[in-house]
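Presented sequentially are two complexes of chain A, the first with chain B as partner and the second with chain C.
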Partner chain A sequence: MKRDGKKIIFEKAGDLPPMAMSLGTTEYNETGSWRNERPVVDSSKCTGCGICWKFCPDISIKEDANGKASIDYFFCKGCGICAVECPVKAIEMKEEEK
Partner chain B sequence: MIYTIPQKELINPGHLACQGCGGALALRTVLKTLGENTILTFPACCWSVIDGPFPYSAVKVPLFHTAFETAAVTAAGVKAGVKKAQDPNTISVAWAGDGGTFDIGIQALSGAAERNEDMFYFVYDNEAYMNTGVQRSSATPKGAWTTTTPTQSPKKERKKDLVSIIAAHAVPYIATACVAYPEDLTKKLEKAKKIKGFKFFHIFAPCPPGWKINPQDTIRIAKMAVENKMFPLFEIEDGEKYTINMPNPKKEKNVPVNEYILKQGRFRHLKEDDINEIQAFVDKRWEKLKKLAEI
Partner chain C sequence: MSTQKVLMGNHALSWGAVTSRVQVISAYPITPQTQVVELLSEMCTDGTLDAEFIKVESEHSAMAACIGASAAGARTFTATSAQGLALMHEMLHWAVGGRLPVVMGNINRAMAPPWTIWTEQTDSLSQRDTGWLQVYASSNQEVYDSVLMAYKIAENRKVSLPMMIVLDAFFLSHTSENVIMIDQNKADAYLPKYDPEFKLDVKNPHTFGGLTTPDWYMELRYNIQKGMDDSYQVIRDAQSEFKSVFGRDYGMVEEYKCEDADVILVGMATAASTGKESIDILRNKGVKAGLLRIRYFRPFPFEDVRRVLKNAKQILVLDRNLSPGLGGITFQEVKSAMYNEKNKPPIYGFIMGLGGRDITVESITNLFEHAKKNDPQDIIWMEVKK
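Up next, the complex of A and B:
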């Protein structure tokens, strides 16, 4: 069994039968439209501790160029875990505007 | 940013979990440590929906959707398959919810544990059949509301002590973990990866819609459950060596269950006597666990 990027290559008959051949294919699924409150990071307060990143169920928190948290609004469902768990209260939930 | 758990993501964003899902967070943390060389088996559970409809898949490792009762036996079969294909390093993982483990999958789970198959079995415990709309399971705690145990007659039976049932099989490694303590979970997984044989993980994963909590409180509630000993963190090696690993042993004090109970809509109908009864049960179980850990 070999991997080439996202694809798995089965070489001989003794290999496993093919299951889901393309892996990780939900990256065009915009779950950000579910949101009714958006988290906003105050970069001057953010210490880059990584706690929000660690607890995000939607993998929507990325590190920006300065080592601070930044939010990917394409995927963020707006659960608000990051705002509650932030030890320095650098993330604020703001009502989503149409 | 400071990374206290492995940085590489093996789950794509864009998955279909509810806001603040504990189960999605649990698999994200587990796959980070297990790595790319993993094959997952999902029975019917929340994750069979979260993953997305065919041919889409949120998980970046191969996975197998199987029938409700066969998670453990299918994962054992996958392990036999990779062994035959001369790929012994691939990890086979059964990833089931509490319904597929405590109730429906227990026969296959017991069989795999008894044969000591070289695999991981994870149960992410959200304490009811959440995927089908909050029906009671044998993991639902006493006094909780579900759609099949309405507030007029909440669940009368206790939560099944599954960890003790698996411990009776004397499997090499059993651990309980919680989504609010990912460092503890990754540490236990690193340890378990080195062990050959059946590894069982019981992961506490709150469910905001089913427990009637706000999605932002998932981690807070999960932390409370560990601190007040509703869900103590411990490991069992070879079915007899108990090790308790609470997150802050120095700060450990007797945290009452009240706050945890009152924060959740599913317990809102409980009276003070009912809460005292739950407290007494939690205390008794904690004393029992402490005794076991000292042996």
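Up next, the complex of A and C:
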């Protein structure tokens, strides 16, 4: 078992840490790969009110350099709550394509 | 000269926790368990015990608090019964998955409805698939000694699993017996401070129990089974060290006159200790009878059960529990333990004493009479009003 910062790198099964306690973080679980639809922000409409950030259950809304919403696609599972809650309809859910 | 106290089973559990220097206790009261934590809460207040007592609103929260404290590196204790244990069910899995050596006393009480407070093992046996070690006691001395050994076993890094000490409602919980107390210095030498490999630490923040993908979940379960596999030797070592320091001898099972026995009765807890008198009566009549008391139900003592039972001509299993649609739970385990053996003696599954109905010496002698006259059956109801 190796560690890259907090990330655990499993080399072989024998290296497995003995318990869930020692996994230490979920920071490197790419839950974004579960997404069927992706939220896309129209920065020209976004007012930077932060409502989407408050509602996001996965802490996947970030603030860009201009104070507008941006999405962390590594974690975002595509639930669509941000698009529903946005008061100015600045977030659109678009189907993921391979 | 060792100090002795006259203790009811419940207080034997409390004193076991004191001797083990538990640091955090969280519990919710339920008959017949209440006295266990009542005494501990008094001791936390008057300073006899240097521990934190966390009052909670349910058993689910009691176990959650124990899990949190254990994850932070504290030695934790709780106790419950029946509905309380059932309410903990989800958290029992969490303690196992987190590999946290929480120790809990469970006073066997039959499940409601209808409301009842008397003994039956279905509550604890319903939790057999959670991954908790389970030991069943038949005397208050055994209850007291089991607590100290439980921490020694559960906290061993090869095991790292929680453990349940199980005792019968009233027959042990509220019955007073002489208990030889353990000298605190000797206890401290036997059971050093809990030193977990991983713990929650604000100086080195990390999470536990978070999402694990199919890539690794199975391996974590494999490791839990490995902990159980390794626990057999850890238990034996803990018991033999206990014997050399304190003089009392415990095994995974207790054998009574089994060596040359043709008919062996298998049972657990106080019903099995009553059975010893039945064995003596039968022996006086020339019946080669023996008794095997299963102490550890998890890990199941396959090796001992096979060794003791393989030469018997008949096996009688007494279950004070019921899995409706299946039968006696100990019976099922004993039967499956014997299935791959070359010599498979016929096995009788007796259901008796549910809801605390008394199991007398005569009740147990009657099981042998029944087996003498009848073919084996999976479910044989004894002393039931039909």
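As a convention for this text, the second predicted complex is superposed on the first by the 74 of 98 C-alpha atoms of A that agree within 3 Å, B and C clash if a C-alpha of one lies under 4 Å from a C-alpha of the other, contacts with A are read in each partner's own complex, and residues count from 1 in each chain.
Convention: contacts are C-beta pairs under 8 Å (C-beta built on N, C-alpha and C of every residue); 3 or more make two chains touch, one makes a residue touch a chain.
No experiment lies behind these values; they were computed from the predicted model shown.
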item	value
Touching partner for A:79 - first (chain B), second (chain C), both, neither	first
First (chain B), second (chain C), both or neither touched by A:49	first
Touched partner set for A:63, first chain B, second chain C, both or neither	first
Dominant toucher of chain A (residue count), chain B or chain C	B
Partner chain(s) touched by A:31 [first = chain B, second = chain C, both, neither]	both
Chain B/chain C common contact set on chain A	6, 16, 19-20, 22-26, 29, 31
List of chain A residues in touch with chain C within their complex	6, 10, 13, 16-26, 29, 31
Touching residues (chain side chain B, partner chain A) in the complex	1-5, 9, 11-17, 19-22, 24-25, 28, 36, 39, 52, 54-64, 78, 81-82, 84-87, 90, 180, 182, 208, 214-220
Residue ranges of chain A in contact with chain B within the complex	1, 3, 6, 8, 14-16, 19-20, 22-31, 34, 48-50, 53-60, 63, 67-69, 72, 74-75, 77-81, 83-85, 93
List of chain C residues in touch with chain A within their complex	71, 97-100, 157, 160, 197-199, 206-213, 216, 219-220, 223, 227
